[in-house]
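After this come two complexes, each holding chain A, first together with chain B and then together with chain C.
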Partner chain A sequence: MRLNLKVMEMTGRLLRSDRENASRKPSPVAPALRVGAAVLCILLCALSQNAVYVITVIAVELLRLAMMPPASILRVIKALILPVIFSALIMLPAVFLGHPRTMLTVTMKVLESVMVLAVMNEGLDWREVTAAFSAFKGMAVFVLILDMTMRFLMILGDYSGKLLEAVMLRSVGKTSWKNAKVDGILGTTFLKSRQMAEATEEAMACRCFNGQYRSYHQHGLTWRDGLFLGVYAAMIAFFILTK
Partner chain B sequence: MHIPDNYLSPQTCGVMAAAMVPVWAASINKIKKEMPKAKIVMMGVAAAFSFLAMMFNVPIPGGTTGHAVGGSLIAILLGPYAACLSVSVALLLQALIFGDGGILAFGANCFNMAFVLPFVGYAVYKLIAGSHQKDTREYIGAGIGGYLGINGAALCTAIEFGIQPMLFRDAAGSALYCPYGLNVSIPAMMIGHLTLFGLAEVIFTVAVLAFVRRAAPELSVSTAQIQTSPPLKILLGVLIAATPIGLFAAGTAWGEWGADEIAATGAGYTPKGMAHGFHYTALLPDYSFSGLPEWFGYILSAAVGAALLIILFKLIGYGAGNRSKTDQA
Partner chain C sequence: MIQLEHIDYDYQGIPALRDITYTFEMGRCYCLEGPNGCGKSTLFRILNGLAFPARGRYVLDSDAITEKRLRDDTFAKAFHAKIGYVFQNAEVQLFCKSVEDEIAFGLFQLGLPEGEIEERVEKYIRQLNLASLRKRTPYNLSGGEKKRVALAAVLAMDPPILMFDEPLSGLDEDGQCWITDFIRALKSTGKLIIISTHNRRLAGQLADVHVRMNKDHRIICP
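Here is the complex of A and B:
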C-alpha cells in the first residue's frame, strides 16, 4: 500500500513538473554545462581539505535559493532535511571521540552536495537533465535507461493504481488485503512490465531505433555558455587558492 | 546600538521583552489583516537590507563605531508594523548566529531598533511628506524621519544603559551591570548618533528610497504578484560585496565591549553581573569564520544572513497564502 502511494506520488510529481515546465523558457545556458558545473562543484567540495570552499558554496547556493519562488524553496528544504539529519546522526560518535569538527565538516559537505543538486533540479526540467547526459560521450545507454525509467514509472504507476482499485472493489468484509494482496499487485505489475519491455524492444526494432537519441534542438555554444565556462574556471581557481 | 548580554540586568531585560510582546502581537495582527501575502516576501528583502545596513560600521573620533539600521526606510516602504517585524527578525538572526546583540537583551534591542526607530521615523516622515511621493518633500521627510528615528532609538539605549548603576549595585556600591550612569551614557551615545551615525542613516534611507522609487516602484504598491526584482537583486549583491568596508572602522561601538574589555574603558573594574553573567557562544561570532580572512568571512556572513532572511519571509508568505486559500475553500 505504502509502496503504491510512493509510486503515485512520483507519478504526480512528474505530471506536475510537466505542467509547470510547459510555459517555462528553456535554460539560457546549455543544460549539459549546468549539470557539469554541479558535478564539478560537488567533486571539488569532496576534495577540499578545509571548510572554506564548502562554506563559500553553501553561501552562494543559499543566495540562489533565496531568489527562487517559495514553492521551490520548500521543495529544496524538504530534500535537504533527511540527508543532513542522517549524516549528522551517523557522524555523532565523532563528537564523543573528540573530533567534533569531523562531524561538522561531513554534515556540511552533505548539505552542500544535496543543495547543489536540489537547486540545479529546480532550475532544469527532467527532460533537460536527460538531454544534458546525452551530450557526454558514451552516456547513450545511461540516457536510454533513465528515459525508460521515467516513462515506465508513469505507466506502471498508473497500472498498479488501477490494480489496487480493482482489489479494493472486490474486497468484502474485514480482510487483511492490505498486506495479503501487495505481493500479488507487485507480482502482476512485474509480469506486466516484462511484457511491456518485450513490446518496447519489438517497437524499437520496427522503428529502427537503436537507443541512441538524436536531439532536435542542437544547442551550439552561445556567448552565455562561454560566460558560464568562466564559472568552471572560477570554481577551480578558488579551490586551488583555498587548498 | 546592539546591547550585549549582561549590560542590562535580567529584570530590565524582562521588562523590555514584556513591553515588546504587545507590539509584536499588534504588528502580526496588522500584517495578517492588511498586508497582501505576496508582499510578505518584500519584508524579507527589507530585513536583509537592514541586516546589511547594520554591517556597515562608521568610525567616529574617540575609537568607537556605529551604523545605520534602515528601520525608517522599511517603515516608509512597507509600513511601521512590517518594519517592526522585519528588524526584529534581523536582530534575532544577528543575536543567534553572529552573536551581535545579546540573547537576554533581545527584547531591549527590539524595543530600541524595531519599535522606537521605525515608528518615530515613520511618524515624522508622514508629518512632513504627507501624501507626496517621488517628491523632494518625500525625501526630506524620509531623511529627517530616519535621523530622528535613529536618535530616538539611541536615546532609549542610553537611558537603558544609564539607569543600571542607579538601580543595581552590590554591597560595596559598585555597579552590577553597565557601570556608566546617565551623565556618561547619554552624551556617549548621542554625540555619535547626532553626528555621523545619524548622517549614515539619512544617507542610507534617502539613497535607497530614491533608488527603489526609480528602479522598483512595485515595492510600495499593493500588487498581487511581487517578485524580487532584478534591480533589487543587484543592489543586494552590491551591498553584500561592499560589507568589508565596515571593517575599516577600527574599534568597538560604545556599550558593546566584552566583559574583559570594560575595565579598560574607564570603568576601572568589571562589574560582577558582567563577569559572572549569562554567556552564549554564537555559531559565527563577530561575523567571522575561523581560518578565513576577516573581509571574506564578513562577505560570507552578509550573504548567509541576507539569504536566510529572504528565505524565511518567503516561506512565511507562502504558508500564509496557502492558509488563506484553504480558508476561502
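Here is the complex of A and C:
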C-alpha cells in the first residue's frame, strides 16, 4: 500500500515537472556540455585536497542559487538537507578522534556535489539531460528507451490520476474503501501500460524500426558553447592553482 | 495492389474476420465502413503485417505476406516502407522526444542520406504547419496537433499505400475539416488510400469505393 502511494507520488512529481517545463525555452548551451561541467566539477572537488577549491565552488553555486526563483531555491535546499546532515552525522566520530577537519571536508564535498547536481537539475529539463547522453556514440537507443519510459510514466501517471479523481467523486467518507481502491487503480494502470506498450511496438514496426536509432537534431557547437568551454578551462586551471 | 483471398481471423476462438476476399487497387480511395466490432481494425492489423490470418492469403504487389517472410528483416523493412499507417490513437504512435525527431525516425530507418532526411523533414514540417511545434515534445501537444505530427511522420516516408484508422476520432470540427481536406488533396497523388471509419459523412466526401462490413465480420458491399 505504502509502495503504491510512493509510486503515485513519484509519477505525480514527474507530471508536475513536465507541466512546468512544457513552455520553457531550451537551454542555450548544449546540455551535454552542462552535464559534463557538473561531472567535472564534482570530480575535481573529490580530488581536491585544498579547502579553498571546494569553498570557492560552493560560493559560486550559492551565487547561482541566489539568482533562481524562490520555488527552485526551496527545492535545491530540500535536496541538500538530508545528505548533508547524514554525512555530518556519519563523520561526527572523527571530531572525537581528533580529526575535525576530516568531518568538515567530507561534509563540504557532499554539500558541493549535491548542490552542483541540484542546481543543474533546476536549469535543465529531464529531456535535455537524456539528450546530453545521446551526444555520445551508441547511446541513442538507450536515450530513446529512457525517453519512452519517462513518457509512459507521465501518460500513465496522468491516467491513474484521472482514475483517482473518479474514485474520489464516487466515494463518500469511508477511508478504508478509498485506500483499497488504490491497488485497483494500479492494476488497471498496469494493464493499460501493457496495451500501450504493445501499440507503440507495432507503431515502431510500421515505421521500419530495426533496433537502431539516431537523434535528428545534432546540437552543433555555437559561440555560447565555446564560451561555456571556457568554464571547463577555468575550473581545471583553478584546481591546478590551488593544489 | 492488395489482394485478400478468403481471409479468416479469430481472437482465441472468437471470430473477427470471416472469408474476406477483396482487391484494393492503386490510385483509389477506399472507405471501410461498418459497426464497432465488425473487424475493421483487425483487417488493418492484417494489412499492416501486425497480425496474420488463420486461413487465406494476403498478397501485396505479387508478394505473399506471411509471418515467416516478415521475420526476414530486409523483407519486413521493404514491406513496411510500402504502407503508411496512421493509428486511431496518435498518442501511441508518437514516441520520440521532439516533433522533428518523430518525422525523421522512419527516414533514418529507411537508411536515407542525411541531406534527403533534412529536406523531407523540412518539407513536411512546412506542409503540415508544424514549424512552431518542431522542438516540442509530441506528448504535450493537443489532439489535432498530435494527428498532424503522426501524419507528417508517415507521409515523410512516402509510402505508396496509406491507411487511416478512424482519422477524425478525437478531433474538433476544425481539425476534422482540415484532415478531410488533407486526405482529399492526397487522392491526387496516385496513392492507394484506405480509410476505416463509421463516419458516413467522411466516407461520402472521400470514398471512390465504399467497402461495407457487417456484424458477421464479412464484407457485404464491395
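One rule holds for everything that comes next: the second predicted complex is superposed on the first by the 166 of 243 C-alpha atoms of A that agree within 3 Å, B and C clash if a C-alpha of one lies under 4 Å from a C-alpha of the other, contacts with A are read in each partner's own complex, and residues count from 1 in each chain.
Note that in this section a residue touches a chain if its C-beta (ideal position, glycine included) is under 8 Å from a C-beta of that chain, and two chains touch if they have at least 3 such contacts.
Keep in mind that what you see is a predicted model, and the values were worked out from it rather than measured.
When the shared chain is aligned, chain B comes close enough to touch A:L74, but chain C does not.
In the superposed model, A:L144 lies in contact with chain C only, and not with chain B. By the document's definition of touching, of the two partners only chain B reaches A:A59; chain C does not. In the superposition on chain A, A:N210 contacts chain C only, with no contact to chain B. After overlaying the two complexes on the shared chain, residue contacts for A:T130 are found with chain C alone; chain B is out of touch. When both complexes are overlaid on chain A, the residue A:I155 reaches chain C alone and has no touch with chain B. Applying the stated contact rule after C-alpha superposition, one finds that A:I240 touches neither chain B nor chain C. Ranking chain B and chain C by residues of chain A touched puts C first. Shared contact residues of chain A, touching chain B in one structure and chain C in the other, are absent. Across the complex, chain A meets chain B through its residues 50-52, 55-56, 58-60, 62-63, 65-67, 69-71, 73-74, 77.
On chain C, the positions that touch chain A within their shared complex are 45, 48-50, 73, 76-77, 80-81, 83-85, 87, 89, 91-93, 95-98, 100-101, 103-106, 108-110, 117, 121, 135, 137, 139-140, 153-154, 157. Residues 18, 22, 26, 127, 130-131, 144, 147-148, 151, 154-155, 196, 199-200, 202-210, 212-217 of chain A are the ones touching chain C in the complex. Put simply, chain B touches chain A in their complex at residues 41, 44, 228, 233, 240, 289, 291-292, 300, 303-304, 306-308, 310-311, 314-315, 317-318.
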